[in-house]
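Have a look at these structures, which come just after this line.
Two complexes come next, and they have one chain in common, subunit A, joined by subunit B in the first and subunit C in the second.
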Partner chain A sequence: MSPPVKILSVVVFLFAVFVAVPVMITVTGRTDFYYTLTSVALLSIASAGVWLTFYIGRINIGQGAYSLLGGYASAILVVDYGWSFWLTIPAAGLLCAGVSILVGLPILRLRGVYFAMVTLVFTEVARLLALALPVTGGATGMTSIPLPGAVSIFGLTIIPDFASLENPRLAFYLLAVTLMVLCFAAMYRIVHSRIGRLCQSLQQNEELASSIGVNIVYLRLIAYAISSFLGGVGGVIFVAISQSIYPSSFTVTDSVNFMLNCFLGGLGYVFGPMLGTLVLYFGWDLLFEAGRFQLLIYSSVMIVLILVLPNGLLSLGLILRRKV
Partner chain B sequence: MEQVIVNGFYLGAQYALIALGLTLIFALMNVLNFAHGQMYVLGGFISYTIYGKLGLPFVVALISSGVTLAIVGALFERFLFRTVIKRSLREESTMLLAAATAFFLDAVILLLFGEKQRGVPKIVKGVYNDGNLIMPYDRMVVGILAIAFIAGFILYMKYSRPGRAMRALAQDRVAAQLMGVEVDRYTMIGFALGAMLAGIVGGLLVAITGINSGIGGPISIKAFLMVMIGGAGVVGGAIAGGFILGMLESVGLTVLREFGDVTYLVIFAALMVFLSIRPNGLMGKPWG
Partner chain C sequence: MAELLEISGITKRFGGLVAVNNVTFDVRDREILSVIGPNGAGKSTLFKLISSFLKPSAGEVRFKGQRISNLAPHIVARRGVVRTFQETTIFRNMTVRDNVIIAHHLRSRANLFGFFLGSALARQDENIFGQSADEILAFLGLAPQSGEIARNLPHGHLRALGIAIGLATNPSILLLDEPFAGMNHDETMKAVAMVRSLRDRGLTVLLVEHDMPAVMKISDRIVVLNFGEMIAEGTPAEIQSNARVIEAYLGSEDEAIGL
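Up next is the complex of A and B:
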């Protein structure tokens, strides 16, 4: 894409998510869409993290563990230690990144299916830990977590108290979308920077990259840490919206879904996870009408999509261009 | 203590059979079959229908579980996996397909058999009890059958023509093709065989633990654990992994009983340490 087209599409996108969508929702009165779209935004943040691990050639099915960890960290800090919710976003994210470095040191040496399997099991372990540890409240989870409070600098209120708002759904939507935009802007920067190129070299051949002098251990830790940070942040906001967290808030199914979002959008495209999440989440919601056939239709459509577009939805553009 | 070891051995035999199917599919096609647990559940429900509801002999139920799953596996390979492997840029795409087939099987199982826990009448009545060792006879039968199936599988892979062809495929696909192995055909047979094994274990275990539609995912996770311990893509590794996990589970449940439900946490922590020393498991091929 040429630079003007790029800038134009970014402006259109920002206009759509920040202005057009809220206006549309107000006009049609379908306020339930706020919740759906907020979820899509948050899930796409976590999926973006998974996508980054794909970018270094690792299949990550453990993102649910970090979302759960981030969610619990935020909930405990807010409820037990009286932290401001806004501070817990970076705190929980950094905690997840730290844990991921500790976990990643041994397991990032694994490749392919081995890494995938270990991370999958890791999600299950996070659930078991949440059940077993005393601070998490076990199977009953943590409920009635307060809504995010106000933030003011020099007496000027930047973010109002969510509890006093008459439409907290809109506030959460704006919060989630803002974070999503920031997240994907950062992802775009990372992928198009020196580190991004180096990550691509890891994806193709780690030994070769290492022999040229790329510090592969450091790079894959960084990528995994960023990925887990995003997973944690997604989890934090999710907990704030539902005001509760349970060991089963993020399970293996969620981890698999994060991975599927990336696949469906296309592994070669930065914005793949966003599109994939949107399509999968909305597809699932729309099929609610189908009642007990929901899962059957959903999975069949997914299989057909994979058969027709095995390289993701965004590869459609590539195919069309080639035909022209 | 004898009790714990016997329990571990019995668990290990069934686990090894589950892991064998998974590792076979992985060795042949580099596909991590997410739907393995769902195939197990489907096999269990078919045995339940034929043995429990229609009252036919257990052997018939077991055979029809195996045959149905073999057909399902062959169809999956022929019409889904083969196509995607050919068209996809990255071989990880098969994982998406595997996950989608897992959802699909879940949906089919729910629609056909409902969400209730199902059990069947005991296949053999009575309990063996000599004072310090208690073992129901039906568990013994199932354990022995599982070991017989494992032995049969090893012999088949070792001495039959298809078995040899599949081992050649697993070793080097291109070389096997150059030697005149019909790659497509034997990949399909391999996938069918792997699915059949899952179905047979499901059919066997319905006689002991019963079956319900929700356990597919957890079974898959256990199978992954075993394959990681033993090493992916190796028959010996799958068997070793199965017996080790069975033994760990049995010992862990006894030793760690007073600490609550932490057996799997401990197993996972041990696995992390183990994998940092041996990333490919006990006998896995490098970079699976």
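Up next is the complex of A and C:
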């Protein structure tokens, strides 16, 4: 894409997300969409993390564990230690990144299905830990977590107290979407700078990458840490919206969904996870009408999509352009 | 000529199997040294030991007097000892040019954060690497293919690309693993000329090869391995008349060792 087209599409996207969607929702009165779209935004942040691990050639089915960890970290910091919610976003993210470095050191040596299997276990381990640890409140989880408070610098209120707003749903939507935009802007930079090429070199041939002097262990850890950071941030937003967190807030199914989002959107496209999350989330809801056939139709459509469009929905544009 | 690489008493055991046994030789600055030997003689293992993809069971490799065994492969590459691969190991889904650009990684002065922010240093790096990549591709005759996706290249070009990737790291010693395998006579002769021109660029070349006529033609010195042991070392003429070498190759035709 040429630079003007790029800038234009970014402007259009930002306008759609920050102006058009809220206006549409106000006009149609479907305020429930706020919740749906907020969820899409936060899930797409976590999916972006999974996507980055795909980018270094690792199948990550453990993102739910980091979302759960991030969520609990935020909840505990806010409830037990009286931290401001806003501070817990980076704090929980960094905690997740730190944990992922410790965990990643041994397991990132594994490749392919072996790495996938180990990460699959993580979500379950995180759930069991959340059940067992004394600080997490066990099976009843943590509820009535206070809404995000006000932020002011030099007496100037930048972000109002969410509890005082008449429309907190809009506020949450804007919060999640802003973070999503930041997340994907950062991902775009990563992928389109040389870090992206280095990640690709890992994905395509680790031995060769190492022979040309790439510190593969370091790079793998960095990518995995960023991935887990995003997973944690997703969890924090979830806690803010639902004001509660349980051991089953993020389960193995969620971890698998994060991965499916990436597949569906396209593993070769930075914005794949965003589109994938949107389509999957809405697709699942739309199929609610189908009742007990919901899962059957859903999975059949998924299988067909993966067969027809193995490179994801975004590869559709490429195919169409080639035909024209 | 000074010794650039010293391999002393290097040994590698895989369980009960001794793949390389007490091999000692030197590689001098700006020479072309070939390692030959029948299948299973331990040539490839020796290569991996030198580039530190394997850790020796005993002995060590020194480069410019400093021990490089047991270091991580990417550090050895940073010191200037770079290997190419036997299989056509490349970044399959990148363009030829991107393959070579990424291989400049060693030379980059910006750090990861600099890349992320697109710092001035990182942008300078990108420019320099692009030019250098074009130069290397032209040198190896790959310029017309520079925009192709690497996996679509024919065999001969892939081999050249592998060498281009090695060259991009700006090594002191390039380890070529069977650079002539699967080539016909004409291609081999071209490749021989190419390896010579590498040396003319100031590189030291260490190669493992099966193609005897090519080895005899190209090498300054030859090291012969058999069953993991070094049985001879010398100029091509010395190797051709060495009784132990002829014995090791017994059963194969005389012309196999270029007689």
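In this section, the second predicted complex is superposed on the first by the 324 of 324 C-alpha atoms of A that agree within 3 Å, B and C clash if a C-alpha of one lies under 4 Å from a C-alpha of the other, contacts with A are read in each partner's own complex, and residues count from 1 in each chain.
Rule of thumb we're sticking to: a contact is a pair of C-beta atoms (placed from the backbone, for glycine too) under 8 Å apart; a residue touches a chain by one contact, two chains touch by 3 or more.
The structure displayed is predicted, hence computed values, not measured ones.
Visitor: Looking at the overlay, does A:C199 come into contact with subunit B only (first), subunit C only (second), both, or neither?
Guide: neither
Visitor: Look at A:I190 in the shared chain and tell me whether it touches subunit B only, subunit C only, both, or neither; answer first, second, both or neither.
Guide: After superposing on A, A:I190 lies in contact with subunit C but is clear of subunit B.
Visitor: Kindly classify A:Y298 by the partners it touches after superposition: subunit B alone (first), subunit C alone (second), both, or neither?
Guide: After superposition on chain A, A:Y298 lies in contact with subunit B alone.
Visitor: Which partner does A:V236 reach: the first (subunit B), the second (subunit C), both, or neither?
Guide: Neither: A:V236 stays clear of subunit B and subunit C.
Visitor: Could you figure out whether subunit B or subunit C reaches more residues of subunit A?
Guide: After superposition, B is the partner touching more of subunit A.
Visitor: Quick check for you: in the superposed arrangement, does A:F54 touch first (subunit B), second (subunit C), both or neither?
Guide: A:F54 contacts subunit B only, not subunit C.
Visitor: Which of the residues in subunit B come into contact with subunit A in the complex?
Guide: 26, 30, 32, 34, 80, 83-84, 87-90, 92-93, 95-97, 99-101, 103-104, 106-108, 110-111, 217, 221, 224-225, 227-228, 232, 260-262, 264-265, 268, 271-273, 275-276, 279-281, 284, 287-288
Visitor: Show which residues of subunit C lie in contact with subunit A when the two form their complex.
Guide: Residue positions touching the partner: 51, 53, 72-74, 77-78, 82-85, 89-94, 98, 101-103, 105-106, 108, 112, 115-118, 122, 125-126, 165-166, 168-169.
Visitor: Write out the stretch or stretches of subunit A touching subunit B in their complex.
Guide: 54, 59, 103, 105-107, 109-114, 116-118, 120-122, 124-125, 128-129, 131-132, 252-253, 256, 259-260, 263-264, 267-268, 292-293, 295-296, 298-300, 302-303, 306-307, 310-311
Visitor: Applying the document's contact rule, which stretches of subunit A touch subunit C when the two form their complex?
Guide: Checking each residue of subunit A against subunit C gives 186, 189-190, 193-195, 197-198, 200-201, 204-205, 207-208, 210-217, 222.
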